[in-house]
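Below you'll find a set of structures to go through.
You will see subunit A twice below: alongside subunit B first, and alongside subunit C after that.
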Partner chain A sequence: MLKVLIEKELREVFGSLKFTITFGACAILVILSFYMGASNYSFSHAQYEAAKAQNLKQMEGLTDWASLQNHRIFLPPQPLAALVNGVSNDIGRTIMVEGRGELTAEDSRYNDDPIFAIFRFLDLDFIFGTILSLFAILLGYNSISGEKEQGTLRLALANAIPRTRYILAKLISSAIALVLPLLIAILIGCLILVILRIPFSGEDWLTLILIIITGLLYACVFLTLSIFISALTHRSSNSFLLVLTIWIFGALIVPRASVLLASRTVKVPSVDETTAQKSRYSSQLFKEDKTKMSQFKPSDIDDPEIMVDEFNRFMENIADERDEKMNRFAERINEERSNKLRERQKLSLALARISPTTSMTLAVTTLAGTSLMLKNHYRDEAARYQKSYGDFMKEKAGMNPGGHVMRIKMMMDDEEEPEQINPSELPVFNYKKASVFSAAKTASLDLLFLVIYILLFLTGSFWAFGKYDLR
Partner chain B sequence: MKNEFDNDPAVMLETLNLSKRYEDGVLALDNLSFCVKAGEIFAMLGGNGAGKTTTLNLFLNFIEPTEGEARINGFTTHTDPLRAKEYVSFVSENVILYENFTAIQNLDFFTRIGGKTDYSSDDYRDVLRRVGLADDAHNKRLKQFSKGMRQKCGIAIAILKDAPAILLDEPTSGLDPRAGREFIKLLDSLRGEGKAILMSTHDIFRAKEIADTIAFLDNGHIVMQKNASEIAGKDLVDLYMQYMAGHSAEPANTVEV
Partner chain C sequence: MFKTLIKKELRAIFNSPKFTAIFAVCSLLMLLSVYIGISEYEQSVMQYQTTHELTEQRMSEATAWPQVRSKAQRAPNPLQIFVGGLSYDIGRWSIIDGESSVKLRNTHYSDNPIYALFRIIDFAFIVQFILSLFAILITYNAINGEREYGTLQLVFSNPVSRAKYLLAKCAGSWLGLIIPISIPILLSLLLVVIFKVPMSGDDWMKTLAFMMVSLLFFTFFIILGVFISSLVRRSSVSFLIALLAWVVLVLIIPRTGVLAAGQMVYVPRIAEIEGQRDAFAKDKWAVHYNKLEERWRDRNAESGNCAADDEKIWKWMKEDDAARKNMEIEIEEFYAKLKEDYRRKKAVRERLAGTISRISPASAYQLAAMAITDTDLSLKNRYEDSMNSYRTQFNDYISEKAEKSGASGHVMIKISTEDGFDVSSFDSDETLDLDGLPRFEPPKLGFEESLSSAVIDFGLLGLYSILVFAGAFNRFLKSDIM
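Entry: the complex of A and B
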């Protein structure tokens, strides 16, 4: 019986013009998002390689490691980030590394191409969040109320069919009609990735599968919601209106309103304010150092080499001391700000998670490594690199040159021409993103929310259809 | 709940003191009792709101009775709906099947959910021919069908289910005279096969032509129940005016037939 009902539903759905049009549009967008993601990755990768080469090129001809300036590291483009953009285009990709001091990321993708900031890229988060959920609504909104209007529901239930089986068949067949054709489009998308030779590791493929499962779970939330609403109403126009209103609130209003509400509730000092505070403190430290500098007394004023050496050491000590004070101050200011930010973020997410769209976005961006944590993760990775860079410079130049250290170098007329430095000796910045397992662990809460929504609407569908008035 | 019909195996459809009061307080059926035996056509007549469709809805367990019960082949519909529905076919007023399916596909689906899974395509064609649907329409989608053609499909589904009882809701409404005549012939042959047929209708003339028993319903009561043969053709207009055109009904025992 269940098989007969499912077969009928699938035949009806697949044979309808509504399905052909909506699925066609959806499939094209899915395939397009894979193609555009792959193209964007190739473009970003080329840019990244060029920037790295340019960074090494500017070091050519230098003969002293201590005179190395403007050394930059770059956030390497990730294949998955091209499919689920998250914040990857908003955060700065370039960080200047000096050996000490605060690290600031600059040059975001949207900063380079502001047009994309307005229209954004066509990624899987958008496809799932907007297109797929609407597709699910179109599949489910009239599944019960539409049959009631047609009169076929009365005719079918005049037979010995338990209502639970009838609604179960509706749910299963709608899920098949939603998932199966989309999987075909997604498989074509994956094929595009292979053809365009996007370097996906085994872990990347596993992550992509988890992202797709998340997207399909999210679509099933709206599918079960639509069927539930359809079983509560007697006109398909009413159920469509009701589901669409819920979708507008869930997908568009709740996430935005939550952030606004949280930002009004928890005040966070702006970056400009904290920068100004740091700048004031830095000026104050420089003033203090000036006084210290006037107290420099070399042990032997007759030997310029000893004097220069002592001066450099003296200045480095001052810089280290100042750096330490500045770091402590900056750390305190940053911590205060990040605590407030965390508090605000926590509140925003707690409110926004009322919407399944938020859960889906958080889950897929976490899995793709492009969530809100990307900025901090990149900075942590850069800070780790800066430490190894500082150690390297100490070894090569005898000092860590970062943080405005005044240094004197004596040039002797008879000195041999020094050898050029070899930039390839520099430590390499190896960005490590979170493993798929730790990402999945972080995303599991949001995946659980999606499953809870589905179970809730499934139960609602059975309950509402059990009481459905067939008059 | 026992009654006089309990031991009569020929009784396929029966209502026993059946009452239905809706949530808004309207009493749609009040203590209704009747039975339809195998090989009998029972026509319920009455104006809008008389309780005809409510009775059919109670037989199909689409709604639950406030009091009393409806039974199909001895099974009470609101306590044992699935068993009861195994013995009944239903043809609705406006047979609207799946528009994108052909006649054969619709028949295939509805007979399979009716529990008959061993029919072939040829069996479907034979039944469609029997109900008067031309061969070239068998593989056409239902959206191209007229009301009469849809009605024939509905009857074909009921025939294929081969249930001993058939419920018909306004089966002749909107049919042209020729289709109406064909339909009457078909009902006659189904009666000949021993089916118990309960039909609700506004069409007093066709009811007189085909039914064995005619019951007039008004405000949820049977106000008159007679064998069709007892009703004279000349009285049909009066009866129509009295019970179906909105005029107040006189008590059943005062009606002259």
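Entry: the complex of A and C
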């Protein structure tokens, strides 16, 4: 009997104009978002390669590694980040590496190209969060109250069908009607990725599957919610308005409002304040170093070459000491701020998780590697690189010239043309994002939340329909 | 008769539970968005002031003129309460000194990524997404709903022309929605007054113009709903079509338009442009050092390889300094040229993106709202330009002052085989008198200037509304009322 009921439901849904139109729109959007993500990736990849090439080009013609004071590294565009933007367009992508000192990432995509910031991109997070949930609502809002209005509900239950089975059939068939056609659109989207030769690794595909599962779970939350509400109301227009209101608050208001509320409760010092503290300390250190410099005494004043050499070594030592002090200071200052920031983040996410949209967004961005952690993760990776770059410089130039090290160069009288450096010897910045397993582990909490929501609304639907007044 | 029809229409709208629910949600959202906007604005003002004080303090600690570095900030704009636009996406300040070029750094979103994850909802967002949906939900069955109830036939048994009926329908729906929606609008303006947001006369004019364009956009969707309801016989179908139109107009066209333009015109990253500048600068520095070496060789020969007196060395160092300054100007000019080319490419892309996405009234509205409130794309260039001219002013003042005072903060190192190593610095412990130092004045646009860049979008929105109305008219005159 259950099978018959499901079959009837499916036939009804697939045959309806509502389904054709909503599904058509949804499919177009999903495919479009895949296509846009793919072309967006190719586009930023071209920009990235050009910027990287230019970075190496500026080293051409140098004859001394030590005279290379700084160079840039870039956050490489990730194919998954093009599908789930997260914060990847908002944080700085370029880091100037000197060999020493604190790193700051600059040039966020939106600051570079504000034109993309006006309407943002069409990514999977947005499609799931706003569109898919809206369509899930449209599919489910009149499933009970609509049947009642048409009089078919009494007819159906006039047969020997328990109510639980009827609602079960409703739930299963709506879920199938929602998920199955979407999967087709998503498959076409994946095909586009393959055709456009977006470099997806095996791990990336696995991540994408997890992202899609999260999206579908999220759609099911809104589907079960709207069925639950339609079992609570007697007129479909009322149930639609009720679900729509919940949708507006859940998808649009709660996440933003909770961030605001949290930022009011937990005060975090602005970046400018910490920067000013650090810059004051740094100029104080430089001043101290000037005094130290004037106390420098060479061991031998007969040979200027030895004097210069000793002086340079002395200056490098000073720079190392200064760097260490500065790092300690910066660490302390940054920690204060990041602790506060973490506290605020925790509070805002705890509040925002009332809405399943937040859970979905957090889960998919974590999986795609574009979550709130991206900023710190990139900086850590860059710090690791800076260390290897400093070692490389020590090996190549005998010293680490970064961080404003003062240095004296002797004028040589021999006119021998020095050899040029080979920029390709420079260590390459390899950005590694978190593995899919660790990402999935972080995202599992939010996935659990989504499942809990579904279970909650499922029970709600059974309960409400069990005592539904058919008259 | 016309009046009766409108009255009937108004009564029908006000009495429906649909209207009450949607109206309540919309009002709540509008007020919430303005409240959020005000508190965000207050936070940015606070941050602006803190940063300003810190900059002043840092400057006052300097003991030599070349050490003075300033920070020019973008001033918070009270209109970002209604239209956030790009104010959170563009860097907040730029370092102003002799070394670095002007560059807006530290965007609000990059400093606080959690805001970026959920975005800020502003009044313009509510109008663009929610209010348009609201308009469609109310009007999607304006005509075919009446046909389904049979009331359409009833009306036409009276001596009413179809034209008059349609006009009354549109006017009724329009009034029925505009009047209630002006309540939350007025309340949000009141909120701005209560929270004592410092708004100038021009700002109020701009707010007024922004509200006008919001209502115009709202009008478009009201008429669109009526048009679609005259197009299709069943209200359930017209609801779906209207929803589809909403998705396409509000969600798809704006985004795809911009992306398509981004694909057609390649613009490099700013890092690439800066890389080009750095390559040029490195070459120049190499040449500079070579010349320096040559010059010192000549000088050493001139003084017969003996240590020259301090006065002479001082003169030579000044010469070298002037040469270095000239080179720096050359680099700066080269960068300015690169930047101009970069901006030109961007402008081409922006125009193209605007043209494509303006097919949709939602983009026309968004662009108009941003232009009126000065949070649009020109914001970045405007600030960069005025910061550049401030930078020249600032540096001129600093070098003039540095010339006069001896303390340059420089270090002189003398090496000789007789005296050994001698390091002396040209420092003083006295702080500087910064009263005459020029301070950055944020650029301000007058009402006319801001409005003039939004005129096209005003016109487009009006045009779209008229077109849709004409469509509805044409359709309804020929339609079957049975």
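Definition applied: the second predicted complex is superposed on the first by the 469 of 471 C-alpha atoms of A that agree within 3 Å, B and C clash if a C-alpha of one lies under 4 Å from a C-alpha of the other, contacts with A are read in each partner's own complex, and residues count from 1 in each chain.
Basically, contacts are C-beta pairs under 8 Å (C-beta built on N, C-alpha and C of every residue); 3 or more make two chains touch, one makes a residue touch a chain.
Source: prediction; values computed, not measured.
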Does subunit C touch more residues of subunit A than subunit B does, or is it the other way round?
C
Between subunit B (first) and subunit C (second), which does A:Thr361 come into contact with in this model arrangement: first, second, both, or neither?
second
Mind working out whether A:Ser282 is in touch with subunit B, subunit C, both or neither, as first, second, both or neither?
neither
In the overlaid three-chain picture, which partner chain does A:Ala160 touch, first (subunit B) or second (subunit C), both, or neither?
first
Looking at the overlay, does A:Ser143 come into contact with subunit B only (first), subunit C only (second), both, or neither?
neither
Regarding the shared-chain residue A:Leu29, is it in contact with subunit B (first), subunit C (second), both, or neither?
second
Which subunit A residues are contacted by subunit C in one complex and by subunit B in the other?
none
In the complex, subunit C touches subunit A at residues 17-18, 21-22, 25, 29, 32, 36, 39-40, 43, 47, 50-51, 54-55, 57-58, 61, 67, 85-86, 89-91, 93, 104-107, 109-111, 113-121, 129-130, 236-237, 240-241, 243-244, 247-248, 251-252, 254-259, 261-263, 266-272, 274-276, 278-279, 282-283, 286, 293, 296-297, 346, 349-350, 353, 357, 363, 366-367, 370, 377, 379-380, 411, 413, 415, 417-421, 423-425, 427
For the complex, which residues does subunit A have touching subunit B?
1, 4-5, 8, 11-12, 15-16, 150-152, 154-162, 469-471
In their shared complex, subunit A is touched by residues of subunit B numbered 53, 57, 60, 62-63, 81-83, 85-86, 88-90, 92, 94-101, 105, 109-110, 112-115, 154, 157, 161, 167
Across the complex, what residues on subunit A touch subunit C?
17-18, 21-22, 24-25, 28-29, 32, 36, 39-40, 43, 46-48, 50-51, 54-55, 57-58, 60-62, 72, 74, 86-87, 90-94, 105-108, 110-122, 130-131, 138, 237-238, 241-242, 245, 248, 252-253, 255-257, 259-260, 263-264, 270-273, 276, 279-280, 283, 290, 293-294, 296-298, 301-304, 307-308, 311, 344-345, 348, 352, 358, 361, 365, 371-372, 374-375, 406, 408, 411
